[in-house]
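So that you can tell them apart, the chains are marked A, B, C and D in the order they are listed, and the count of residues begins at 1 in each.
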């Protein structure tokens, strides 16, 4: 299998071709991890970079993400079988009372793009549901989004739920959405705030790498 | 002595006439307290009201305040002699690093107008100087002003000084200045914020009245 | 359908100007919208906070502070008229008594200022469309719709001048379409679902208005076209897609006027220009002075034919001079003054054209707002009464107009946009010209958990 | 004194327009101020915070965020040019290394954008005048003055384009005069003290500029006339007093140009209109789009003859769309676009007159900014070279102009203002026409603890 071909197929969003190439790689005995990292994830990183440099739009990126997912779906059972862990688990959602999800979806998409397993709770999520999901799946990171100045305080309430449950320190909590800023993030004791999805993914990746580096 | 004449003299800022009328009142044996309250303070209240209703400007108010002071200077030694207390003692100043004083001066002026004794520390006042002066004179209220977003935090520092000295609860602390708002005032634990000098004087008066009502 | 539009409201594009329109609207206290002068429309909202029973006293006091600040500024600057918009936040519509109480506070304070200083003002009441709180949305019944009706009725009884809404019928499937720049689904949402909901909704709102002495104002496809504009502004989706999204919201918007609305239409509805061309109703608009609420490539051109000029929305936060809503008010007043002075000097048309020229060559979203383009699109729309065909044809015509402008080098677009002109064209080519057939196709394609076809009667 | 002005720079008032002037100024990278187009001048400042050694990294990162946001917006909206003003806060001038470091960050980022996108921009460096931190102020020596010199030099070496300041000579006695509407003391401050300080100060700044390749920009009497305007706006002092305060700052302002400054003069110096009429230098101005920093009755008229159009200042706070400095930037760009389009269509004069008409009849402070009034005042000023006589005569002429306008019912003023026309007239009547005599009188009257006559050489 040609890694460059695979990369181009992901970038152009050719799901069928991606599937074929991944299958081919597996058959050729290339290590699953290598196909995942150097094949899929690195290709998606190129897509992310092109987006950051204003060369492509989100729709193009979404198509690529779907192609990557297609490849991933072949690798996943094998990964579990060989005991390779995904790079990390992330729970994400928009807070109670808030129906905005475009930004949150982009964050989720970018996080998937860097290889994490993402559990998307959707919109209008009850405070405690974040805690329950994080506990259930053994998440590394919890991402909380809010777009209204009147729902922004609910981000703080979610964090309070984590505290109440005595599990605040188990999770790296990231927050975002248009009205949020660093000062607010600090005031509610979040671990990280970023102003856009690309940075969010980068920051999450760095966190996961340092968490699992030892 | 004619109270109405005195009131008009204060309102028109005729210092000389005010002095004459006050002297006349004292000679006629009218009670010092009555001259003070119904003569000077009430007249100044009319001036304040005219100002609030956009009938006159600050310069007219200042002239009236000076006329009132002229009358007050005659009463003061007598007040001390008869044991009548002024309505309250107020320390005021602009915080460290800040040279704005127009707003603070107006507050001071209005507070004097309602009969309080005002100790004006001026501008660029070191944090601890507020505490020292308040302790020295046995103040009731401390007024802190700041006009820059970069000096506004110093208001909090002044309050911290009061706490450090263990005397925070002895004083009613009022804060103000253009960048200050209720949220900030709450966050630093001030007792009161008002957005303008007229309200500041009213609020201070109400506080002093309730403090000394029993 | 109470009205049909088969031709434009103007015979010449030169007559379509700001501050006046063929069918002006007059409020109870005699303020005429579209009667010659353009007035500011000010909108303001809460700073970051929870809205609950416990915080309602604080909420009310913030609204009080805001309306006083605004009215004081209007008085100081001698503005001849004012519209205040109160757009509720979701909690306030879910609890109609809260929204009604805030509206009453605003309305009463405005009346006080009128009594005291002769300051003529009107209030636009805009409950937000909470029907989408159910997923999939329930459009024509249920507790959310009932709460909305209560809010409309309660505020109309208390003297609301204009009833408005930014309704969301069809949006539940359009949201995902937007990030995919999927014009096919957008045509379905805007051409098939939205007009059906609008016809039903505006018949109801107009009935409420009539019964309570209020004026049936207008709608905005903000959740469609402005969402696209904001995403395009951030570089997420192509501007040419956002430009087409703008024009194809017009057939949807017409459904309001066809079913009882008389204007002024909503500020953030930039499709208003097509609406004005077709129906002659007064419109509100917003641009540079709404940069506090959203950035845009249409800061000046959006004022070209406006009857009200708005700031969209700003929170009660302190700037160096004072609170942000007062800052917006001052800015809007000066914008309107300049335009009205031009009118007094007989220079409305010139000023309009300068506003247009300012932006129209720099972005496709601005280009399609040119009055001459509006005329072209309007003429296409009135050829048929079928909302779906109107939508589809508008999309095709808009793409054509943009392509021609690019070819003529009259309009500059980014490299990466060019590609999308073709992608969008082939998307459109694949849509059948028969609504029934298209609906049948889309019923298969669209995730049926996202929306409820029967709520649209399809 | 290197220059003298004995006549106006224009022969006809019709020629005095926005965007161009007889003596344009060109920066190193070729941006021409006053060469035909009006450009935005954006200014921004910190949100509430302490500035200390410890917080400096945070301070720098906020400035970085702000300049990036602004430049990105300028690029997106295709603005043809930009000036950024960096006005230091007191701590940054007291510690010159901080101010210099922030300036360098801004300057370098601007150069990056120029290299990358061809975005032409220039920076105005405005250290604040901290000489008044000593009370009474020490004007010509001492640690505060030395820190200012260091800041000017350091930033000029790093590539600052324009050096500016809002200098405060005479302000120490004018502050109290303002709240008393005491025109007599104001004439002393502005006619006797300020010009002496300005001549000395601008000789020094111009020397520094020359030695380091920067341009000697200009000053603002903001601490005098804008303070008066803000107090008048709040209803504290009469507007007619504030209007006179405006015009009588002109002789003071001229001292900068007479001693080496070439413009663009500072944004908040509304006296710039007289300066432009007399000297032909380019000027900056601000109005409605600076409402974030201060409200004003001159929102449009202030743009009538501007060469740069500014927002004065806004903190880095988040509004609904994004950060406030970016919001200001967008608004300024659209304002400038409209004016420049008018110019391209040959309609500069018309647009100027509409801007003037917008405000001039509603407030005396606006009335005195009419270009024809500016000409009248300018002509009076150039009759003599004596700053004191210039100031006194300007005061008298302004009062006269306002009275006539009120008599003609061209200008409406409040009831309580009328009274003050007479009070101010009698204040002026009592000022001797001989400076020496006046200085002698004032030395007795003015509290000598407030200022130091010898610092002014009197």
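Heads up, the rule we're going with is that a contact is a pair of C-beta atoms (placed from the backbone, for glycine too) under 8 Å apart; a residue touches a chain by one contact, two chains touch by 3 or more.
Note that the structure is predicted; figures quoted are calculated from it, not measured.
Chemist: Out of curiosity, which chains are bumping into both chain A and chain C?
Modeler: Under the touch definition, chain A and chain C have D as mutual neighbours.
Chemist: Going by the stated contact rule, which chains contact chain B and chain C alike?
Modeler: Both chain B and chain C are touched by D, going by the contact rule given at the top.
Chemist: State the pair with the higher C-beta contact count; candidates are B-D and A-D.
Modeler: So, comparing the two chain pairs, more contacts are at B-D.
Chemist: In whole angstrom, what separates the CA-based centres of chain C and chain D?
Modeler: 40
Chemist: Could you please state the distance in Å, as a whole number, between where the Cα atoms of chain A are centred and where those of chain B are centred?
Modeler: Chain centres of chain A and chain B, defined by C-alpha means, are spaced 60 Å apart.
Chemist: Could you work out how far the Cα centre of chain B sits from that of chain D, in whole Å?
Modeler: 35
Chemist: How many angstrom lie between the CA centroids of chain A and chain D, rounded to a whole number?
Modeler: A distance of 51 Å separates the two centres.
Chemist: Hey, what residues on chain A touch two or more of the other chains?
Modeler: Expected reply: 149, 179.
Chemist: Hunt down the residues of chain C that sit against at least two other chains at once, touch-wise.
Modeler: Residues 45, 47, 315, 320.
Chemist: Is the chain-to-chain touch network here best called a line, a ring, a star, complete, or other?
Modeler: Graph shape here is other: it fits none of the named patterns.
Chemist: What are the touching chain pairs in this one?
Modeler: Once each pair is checked, the touching ones are A-C, A-D, B-C, B-D, C-D.
Chemist: Help me check something: in the complex, which residues belonging to chain C touch chain A?
Modeler: 45-51, 89-91, 132-133, 175, 178-182, 227, 231, 235-238, 315, 414, 416, 420
Chemist: Quick check: in the complex, which residue numbers of chain A touch chain C?
Modeler: By the definition above, chain A touches chain C via 54-59, 62, 97, 99, 101-102, 105-106, 124, 148-150, 152-154, 179, 184.
Chemist: Touching chain A in the complex: which residues of chain D?
Modeler: 47, 318, 320
Chemist: Along chain B, where are the residues that touch chain C in the complex?
Modeler: 149, 178-179, 181, 183
Chemist: Can you tell me which positions in chain C touch chain D when the two form their complex?
Modeler: Of all residues in chain C, those touching chain D are 45, 73, 76-78, 233, 287-289, 291-295, 297, 299-300, 312-315, 317, 319-322, 324, 326-327, 330-331, 333-335, 337-338, 341-342, 344-345, 347, 350-351, 353-355, 357-359, 362.
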